[in-house]
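Two complexes, one shared chain (chain A), two partners (chain B, chain C).
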Partner chain A sequence: MKIRHLCPLLLVLLVSSGLASVPVPPPAGGTVTGKITYTGTPPKMKPIDMSKEPNCAKEHAASPVLTENVVSGPGNTLEWAVVYVSAGDQGSTPGTQTLKFDQKGCQYIPHVLVMQVDQPFQIVNSDPHLHNIHPLPKINPEWNKSQPPGTPPLTEKYDKPEFISVKCNVHPWMHGWFIVLNTSHYAVSGSDGSFTLKGLAPGKYTLTAWQEQFGTQAQDVTLASGETKNITFTFKALPY
Partner chain B sequence: MGKAFGAVLIIITVVSTAVFFFHDFGGMSLWLPVDASEHGHGVDHQLMETMYGSGFLFVLSQILLGLFVWQASDRPQGWKYRIFPGGAKPMVISAILLVGIEILTLSFVGSKVWAGIYFTSAKPGALPIDVQAGQFAFYFRYAGVDGKFGALHPDKIDEGSGNFFGLDPRNDEAARDDIVVATMVIPVNREILLTLHSKDVIHSFYVRELRLQQDIVPGLMIPLHFTATKTGRYEIVCTQLCGLGHYQMKAYLEVKTQEEFDKWLKDQEAAQ
Partner chain C sequence: MRPRLAVLALLLGAAGLLLSAGAPPCFAQIDINIQTATGPMESHIGNFTGHSEPGKAYYRRYCIGCHGPIGDGNGENAQWFDPNFGFAKPRDFTLATYKCRSTPTGTLPTDEDLYDAITRGFVTTNMPQWRPLTEQQRADLVAFIKTFSVKWTSQKVGTPINVPPEPAANIESILRGREMFQKMQCWKCHGPEGHGDGPSAPTLTDSKDNPIRPYNFAVGSRFKCGETNQDLYRIFMTGLDGTPMPSFADVIQPGDAWDLVHFLRTLQPLETPEAKAWKEWIVTHGKELKPIGAEEAPGGGK
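Entry: the complex of A and B
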């Protein structure tokens, strides 16, 4: 076959392929909402004595900060739990927005920072004294960096999914988490324990809820197009 | 010219000695800070002996130096200097004897004071407090209502959750009521028995007003006992370079009256 005979055929192919990708409206995204709760007696959160760092002690003089490993809300709900799609994920988009992790009043804000693999995040020191941030990954590379007051933010990222505990070498009570996920479908429970996952295409998913003290739980959810489902994760709490 | 130099030397010596003795530098006296412990006077006595002895010799030698400069300057040619009887040898020997006796005396007296603090054991009934040092903070533990300390499990140390000592309250009942705080609170006029240990590197427990300094060596449980005699708030600092954050490693010691301490302890017990 001569090349010139091929041309019309190629043209037809091109046009038809173009036609095939003419945007049909995508299926309306499904939504999963729910709550993170617990049964039993959780450990008592203790007030943090920051007298070693006068700036922070002064800042929290009126109401001392409590440890944050179990932050409970009304109706036995749990804040700072992470819910994410652990299996059956589809249509995840890469995380490009730069996130912020602040060191302020000798606390990590937010307490739990969820990010995607390779998503950049900035570590800011808003305090008038030195902090030394030391995340403790086991799979990703470990580092440990000092930030004297007024230092520009550090920009970091992780390239493997992992749950990373974060500590400050100078203020041992400071504790936070970097949650590195390979899905863009995640949510962190709010002060009333509620979470919402949006934009899920129809399909069968496994959702996992993680809480730093009580571990993980998983549930399967099947969503039809545009469907909203409500689920509850209930952790069993022990006082010690 | 030489005479003037000698005179200036003597004037500088006398004036600076007087300033050191009598000026208070806006409250920042160069003398020892308040002594808030039962054993402190022994340490202070020792320090002052050393200070007066060496200070006296230092000032005397400066003045003599000035006098010699004065006396030896502007002499006519051919003037004969007098020398120490017998020459340099007997002078050096007598100097070694004099200084040696002084140093040995200070050491013997000093070691007695030292042994009185560090080589004796606490009396029964002393209040036990467990001290954990780690980069870069001190934490203090009281036995709680049951009067028993929970066992330590270094693998369970989790600072973010407030488990600085590595307690295991789930399996160890004695650990459940242990009181862990970042400020050491003690009653006045009662003997305190500290058990010092480190979770990482060498640290040192130093309270200036208690005249106490003790290194904390990882792997060792080091006892240290004292009685505070004045109420107040004092600084506890680490005096062994322990890493980047060493300069921030400190805590506070609050010496309260027995009633205030009892109230504080009750509040802490309730919070467990």
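Entry: the complex of A and C
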């Protein structure tokens, strides 16, 4: 009997103590910044012939679109590489924001879309003609959907981490990537090859850099509270 | 006496083992090491329940030559199938991606779908019909094929798409279907007349980067996934997973889908009701038709 009466009291105590407690500030986040570079001779970015789709050929008549499997910049830097925490991850938050993957001018924008497991993303067709969107996963289910002009976006998600090549069968030059990760600590290198990972709690991490042509590289990094470290990933670019 | 009996018993026992394994006593086959990804599986087709254990023996007997001991489509015969000449490689069961489904794109097919595929064969490939096998044997094979991929334990089978009753196949429906053929840009791969020669046809590859040809309606054969109007409806609504043929389920309404089915029938050299209605109409109205294909860009030619 006594215990029964105590229970609601305990509950009240618990709740009120929770409300009253001052939120503990999260430890100051560490940061890793750096660059993705290469040594050697990478393949050249080649202009894409879009004459089979007159709409797109016309759109890019002034400056043809270049292939994006290796996008290099001044100072031997690489764009579209993905850096992420592959081991020692802590404090990851689920991806809830809906991402966007556009088909515009017979190109995928962005070329590399990084998402988290179960994170929704929208596929949009901004072109005046049909595309079929055909990602090629091996672990996740493989689907292939047509998207005529003016149809609403498709909303999709993947429930297992995987690096998924994406293509359009109608326009064989279109090529992109869905990178599905189980961490929220990732970055894509910009046109100057730079990347920044923020909000990393103190600890030891393995960072992996992935580039579609040159594969992956990993480095360990240990961060103290609020520390910023600089890291360079250098891929070996072999001409082919 | 006793040692002799023991030897005899051993020999009989060995022979019994060979027979119970379901393989003919051929030593070359005994070495084949079938590797599966899951434990035993079942299939349910009508009143039949298939079991993977007997299915394994039938697989070893009938399927392994092309589909291979690990079910990846790399059997010893596979090297002779040249996709450059239109011969598709054997299906890779380890991916659990299947062309002929009643279920939406990206989902596992039903047991009946796999059973129908084995029964029917694939008309444009080296996969023959397996009607000589009993229904029970085919059901057992369906169960066994599933043991090659863990997806059969981790993913759910899709819910078959609804195929509503077919409306009348009159000329109005056919003409609306022709507009769908233009609008959905079927002609980009299948060609303006359905000959499989559209502008994108030469570059098509399947999900393993092997060249693949779009279906040519003019050959008048069965389709890869059946031959009825309902099969045709299902083909473009579910798509053929693992190939360039996408699903149109999200973008074609059921009524429009039936119109498209009726038009596609007119592309075949067959005596179908659709072809008859089309031929009668075209005699008097042929000149009214706008050609199918790329529309002229505004302000001048291509």
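Structure notes:
Quick note on the criterion: the second predicted complex is superposed on the first by the 219 of 240 C-alpha atoms of A that agree within 3 Å, B and C clash if a C-alpha of one lies under 4 Å from a C-alpha of the other, contacts with A are read in each partner's own complex, and residues count from 1 in each chain.
Going forward, a residue touches a chain if its C-beta (ideal position, glycine included) is under 8 Å from a C-beta of that chain, and two chains touch if they have at least 3 such contacts.
All figures in this text were calculated on a predicted structure; none of them were measured in a lab.
If you put the two complexes together on chain A, you find that chain B and chain C bump into each other. In the superposition on chain A, A:47 makes contact with chain B only, not with chain C. Touch criterion not met for A:33: it reaches neither chain B nor chain C. In the superposed model, A:69 makes contact with chain B only, not with chain C. Of the two partner chains, neither chain B nor chain C is touched by A:216.
Applying the stated contact rule after C-alpha superposition, one finds that A:174 touches chain B and leaves chain C untouched.
In the superposition on chain A, A:58 makes contact with chain C only, not with chain B.
In the overlay built on the shared chain, the residue A:238 is in contact with chain B alone; chain C does not reach it. When the shared chain is aligned, chain C comes close enough to touch A:151, but chain B does not. In the superposed model, A:142 makes contact with chain C only, not with chain B.
Common to the chain B and chain C contact sets on chain A are residues 52, 129-130, 132, 146, 169-172.
Chain A makes touch with chain C in their complex at residues 52, 54-55, 58, 129-130, 132-134, 136, 138, 141-148, 151, 154, 169-172. Remark: chain C residues 95, 97, 104-107, 151, 155, 183-185, 188-189, 199-200, 203-205, 207, 239, 241-248, 250-251, 294, 297, 302 touch chain A in the complex. Chain contact summary for the complex, chain B toward chain A: residues 134-137, 159-162, 164, 169-170, 176, 181-183, 243-245, 248-252, 271-272.
Per the touch definition, chain A reaches chain B in the complex via residues 44, 46-53, 67, 69, 129-130, 132, 146, 165, 167, 169-176, 213, 238, 240.
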